Amino acid sequence: MHDAQPAVHHHTAPEGFIAKYVFSVDHKVIGLQYYGLALLAVFIGMVLSWLMRLHLGWGSLAIPGLHLLSRNGAPGNIMTPEYYLSLMTMHGTIMVFFVLTNAPLAGFGNYFLPIQVGAADMAFPRMNMMSFWVTFAAFITLMLSFFVGDGPPLSGWTAYATLSSVGGASGPGEATGQTFWAIAIALFCVGQLLGSLNFITTTLDLRAKGMTLARMPLTTWAWFITACIGLLAFADLLPACILLILDRSFGTSFFNPAGMVLNGQVTKYSGGSPLLWQHLFWFFGHPEVYIAIIPSFGIVSHILTVGARKPLLGGTRVMTGCILAAAFLSYMVWGHHMFLSGLNPFSAILFSVPTLIITIPFTVGVLMLIGTVYGAKLRFNTATLFSLGFISVFVSGGISGFFLAQPSIDIYLHATYFVVAHFHFVMAVASIFGIFAGTYFWMPKMIGRMMNETLGKVHFWLTFIGVYCIFMPMHYLGLAGNVRRYAAFTDNFLVPLIPVHKFITVAALATGAVQFIFLWNLFHTRFWGPKAPDNPWDATSLEWSTTSPPPFDNFGGRQLVVNHDAYQYGVEGPKDYIMQTDPAEAAGD
Amino acid sequence: MGKALGVVTAVIGLVSAYFFVAHTWWLPVDISTTGPAIDRQFNETMIEAGILFLAAQLLLGLFCWQYGDKPGRKIKHWPGGPKPVVAFGIIIVGLEILALSLFGAKAWGAIYLTPVASNALHIDVQAEQFAFFFRYPGPDGQFGKIHPELMSDDNGDYFGIDPANDVAARDDIMVGTLTIPVNKPILLTLHSKDMIHDFYVPELRIQQDILPGLVIPIHFTATKTGRWEIVCTQLCGLGHYSMRAFLEVLPQDQFDDWLKQQSGD
Amino acid sequence: MSSEREPSMKLYAGLWIVMILIVALEVLVTYRHMPTDIFVGLILILAILEAGIGVMYFMHMKFESPNLAWTLVPITIFVLVMLDQIWPDALRLARLSMFR
Amino acid sequence: MESDFHSKGKDIEVSESGAGAHAVIMEASPFGLQSKKLAIWLFIASDAVTFGVLLFGYSYLRLGSLDWSYPFKGASILNGFIMTVILLTSSLTMLAAVIAAKHDDKRRCLRWIGFTILLGTIFAVLHLREWFHMFGEGWAIYKNPLGGSPVFAAGFFGITGLHLLHVISGVIALSILAIRYNNGVLDKNHVETTSLYWHFVDLVWMFVFPIMYLMNAAR
């Protein structure tokens, strides 16, 4: 405790590999660790989705080595339904928690939040390190469930009781795997709570002279607000997981009602309700969706201004307002996941109105982004392309929210592929595009080498078209009433839809394969990429006023004084932008 | 590059929209009295959302096409600044929301907030891993009491009724297919034996989770005769995908015969 | 910091007695027979009052910068208030129970 | 946790430390708190939500249950009342410790911290005694000997258990604080931040007692 010095105190880098790269207290190393973890997770999750898609397209296809992944088994390497469901569960859990939460928030946030506010490190470096290693432990725990007892759980990333809460009786994977799942998520919550504490404190307390709240870049704002959401949202999932573990391992019945009959005999449970889990889970779950998307929203608005060479329309104030409004609303709407769950019909209406209202701040936000593109001098580097792509996919995903926010329409569309398309577009793909944009934009700073633009552009085009080929058809499947979470389509009204699934599968495999271009680009850059200048993109925020990569204390002990907000682009003069650290008289500001 | 992105974005928008407009894949025929309201709501939303979708994609595409980085060109700011844009967003979307939630609430209420007709035919539904079972009260119009400890698929006592001691239970009819008369209000009381299941008939525009420990009522009226599928849409275990039953909508007279013949044997 | 405006031990002792009295009152209320809703409401109000004293004085929030009180407290309460939307559902739980 | 170089949230000269130390000027913190104090406050907010969620969930099930049992006889309520008083008193002694620390009166501060630790321990002991008494009556986290809803048992042992965990970790934290404060590793600010946590534990009990005990009193 006592020797964890505040950021500005230590200017000497630690000695030795372990202290430098493994148990490092340096926020930059921790950021890279988070990013690496997310990278590992995203490729695991992607491979799982490949297997799922293959099974949906060609049910009887034998996939070599399939039996290795799960005890749920794949006789003759042909996927069984429970195997499919466990893959689906792991895909969802890995992607939502360890990719969409880790990369944009914990990864980039850890690396750049302190730099962008002009601090030498996080407020609590030790705690920061702890938060990563707890998250890492959570990931390992989750991965272990592949190898325990009867394999990973099959109750989906939402782990609905009573499927998840009665133990092995409810199906394969529910014996040990589900317990591991619950422990992993509980650990993850702890890690995120520690991280949130750190983010908030750093943003409020470690800002360099002149870095007023109004001058903070939108990325910092997004990370800060997201940390605030996470601080209270994960504090809700943690007890929920504890209750789930109690139900599973100590025979309590928080989520189990009386009179359930499993394997022919009546269970001893009494007094619980599966609805309670849904309430607790979604009360966390909806804020979680925003934890996943808001950082990307900030990253994109930040990068777009750099690419467009003009300040954001409405400036930091409007965008921050939108994000704040969304953050507050995110706590009022969780019931729209439960319209048909036996929820009180009146509260369904109560929930649907704020859900629809959420579209307002996001619409305004998107309009601000599009308005920024108007009249810009767009530099089409990969980062900018991905930011523009983000706008497109975010719109595509957001629009379908209009349907699902209405209980009356949800009666038909609930639990169909329409929902899958919706949240993949608006949460997964959009957030991933933000991550890609951030990667191409910041990698030069993070590893000191420029990424290959040609490969980057190829990666963008194929990904951009690919995701539309994967997820747009899912809307049509939803319209036709195609139920999600089905391991096979045997119902008469689903059989005609299988060709569409085949198409989606092909698209998914192709788009997934494209991601290896990105991986190669990253790998190649790390070792053989050309050295990066300090400010390759002519950007203004503080991270570009230091070397690439930054020294251990970020600014080489320089005394920073911030004179401008982060979006002084398109100004007169030799260079069309003003760094935040430039002298005050450089602009009428 | 910018022009390419502009074209691609526009094309993506238009192609995506085409399949919605052409109804290549669309909602199945509607066979319920409450369905039309939902379909109307759906179509209205589709039009409004579609316009917003296309407008956004095309605008984005247009700007990408136009505003590449040409040397010497100055940046242009949005005419009138952010205020009108914000106002536009709030007003347009606000109005849309207002309309949608008003009519939407009506359509929703027609199913969930209206009392069931007094002459409704009451059918009890039991869901279990991985099947639906349906129970008719029989001539006496009384359901036998449910005893979970008696539930067993082996002796066909899916509902755990006790005919030996329970008079009301003796004439209960238990079947695996939901057979109903056309144009007659139906009241279903849904309950589950183990997991959360879901009663979904796309053609009826009815979807409702079935929770263990709760008895959830839902009512509808079928307007077309025919045979439709009932599927489970709430993940309930490894057999989830195979959990289904059939909905048989018969003319009143045929239904009466069917019922008589059922209670006969 | 706030040490200058630090209240004296005397004040603390006074508040300590007040809080004990509040708890005693809660116990007293418990054994007065009154309608459940009034009982619950009353006892919760007392608890909140007591907690308020604890936060404001024992935890010094009154003596910190007002920004703290005006951000942290409303946000935390907001989240818990939002959670109140589960009650209509809880009532339904009993009404639709299989065993009534 | 951290030393308080930006405690007042205005410009501060940082003392020589490490290589190439220099004057660091920071932007004012909107709360004017030391970072670690702010962090403790944030932790308290999130922990409050955690307990809030547990109490909400418990009440949710209770509101929805048809067979609730009211197990607590006068003795248990009295015991609970005494526990509450003890916890409140421990808060008072902690305050005394903080004031003593403010006046850099190490001996008095340590004495008061000692009292606090003692009271905390007594609370835990009384609580456990209550528990084992209930176990003796046939209670368990999964079963209710009175035949009512077992959710009461689960809720009671779950929530008070989590609170007890907070108390015990608080006692441990206070002991560490006492030792380290004594040999000058930690300073008066650490005493204050730790006291915040201790008061919070007290605060949670102010809700747990009425909701878990009084509302289940056999009347």
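Order of writing sets the labels: A, B, C and D. Residues in every chain begin at 1.
By definition in this document, a residue touches a chain if its C-beta (ideal position, glycine included) is under 8 Å from a C-beta of that chain, and two chains touch if they have at least 3 such contacts.
None of these values were measured; they are calculated from a predicted model.
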### Chain pair with the greatest number of C-beta contact pairs
A-B
### Task
Using mean Cα positions, find the chain sitting nearest the overall protein centre.
A
### Summary
Distance between the CA centroids of subunit B and subunit D (whole Å) is 48
### Query
Just how far, in Å, is the C-alpha centre of subunit D from the one of subunit C?
15
### Between subunit A and subunit C, centroid-to-centroid distance (C-alpha), Å
36
### Between subunit B and subunit C, centroid-to-centroid distance (C-alpha), Å
43
### Task
Mind pulling the residue numbers of subunit C that touch at least two other chains?
75-76, 79, 83, 86, 89, 91-93, 96-99
### Query
Where does subunit B touch two or more other chains at once, residue-wise?
213-214, 216
### Touching two or more other chains - residue numbers and ranges from subunit A
232, 236, 257-259, 272-273, 275, 279, 283, 342, 346
### Message
Dump the list of chain pairs that touch, please.
### Response
A-B, A-C, A-D, B-C, C-D
### Query
Which residues of subunit A touch subunit C in their complex?
228, 232, 236, 257-259, 273, 275, 279, 283, 328, 331-332, 335, 342-344, 346-347, 350-351
### Query
Which of the residues in subunit C come into contact with subunit D in the complex?
1, 3, 6, 9, 12-13, 16, 19-20, 23-24, 26-27, 29-31, 33, 40, 43-44, 46-47, 50-51, 54-55, 58-60, 64-65, 67-68, 72, 75-76, 79-80, 83, 86-87, 89-94, 97, 99-100
### Message
For the complex, give me every residue of subunit D touching subunit C.
### Response
7-8, 30-33, 41-42, 45, 48-49, 52-53, 56, 59-61, 63-66, 77, 81, 84-85, 88-89, 91-92, 95-96, 99, 102, 196, 199-200, 202-203, 206-207, 209-211, 214-215, 217, 219
### Query
Mind pulling up the subunit C residues that touch subunit A in the complex?
75-76, 78-79, 82-83, 85-86, 88-89, 91-93, 96, 98-99
## Note on the structure
As the complex stands, subunit A meets subunit D at residues 1-2, 4-6, 8-12, 123-124, 126-127, 193, 196-198, 200-201, 204-213, 231-232, 234-236, 238-240, 242-243, 246, 250-254, 268, 270-273, 276, 279-280, 283, 557, 559, 561
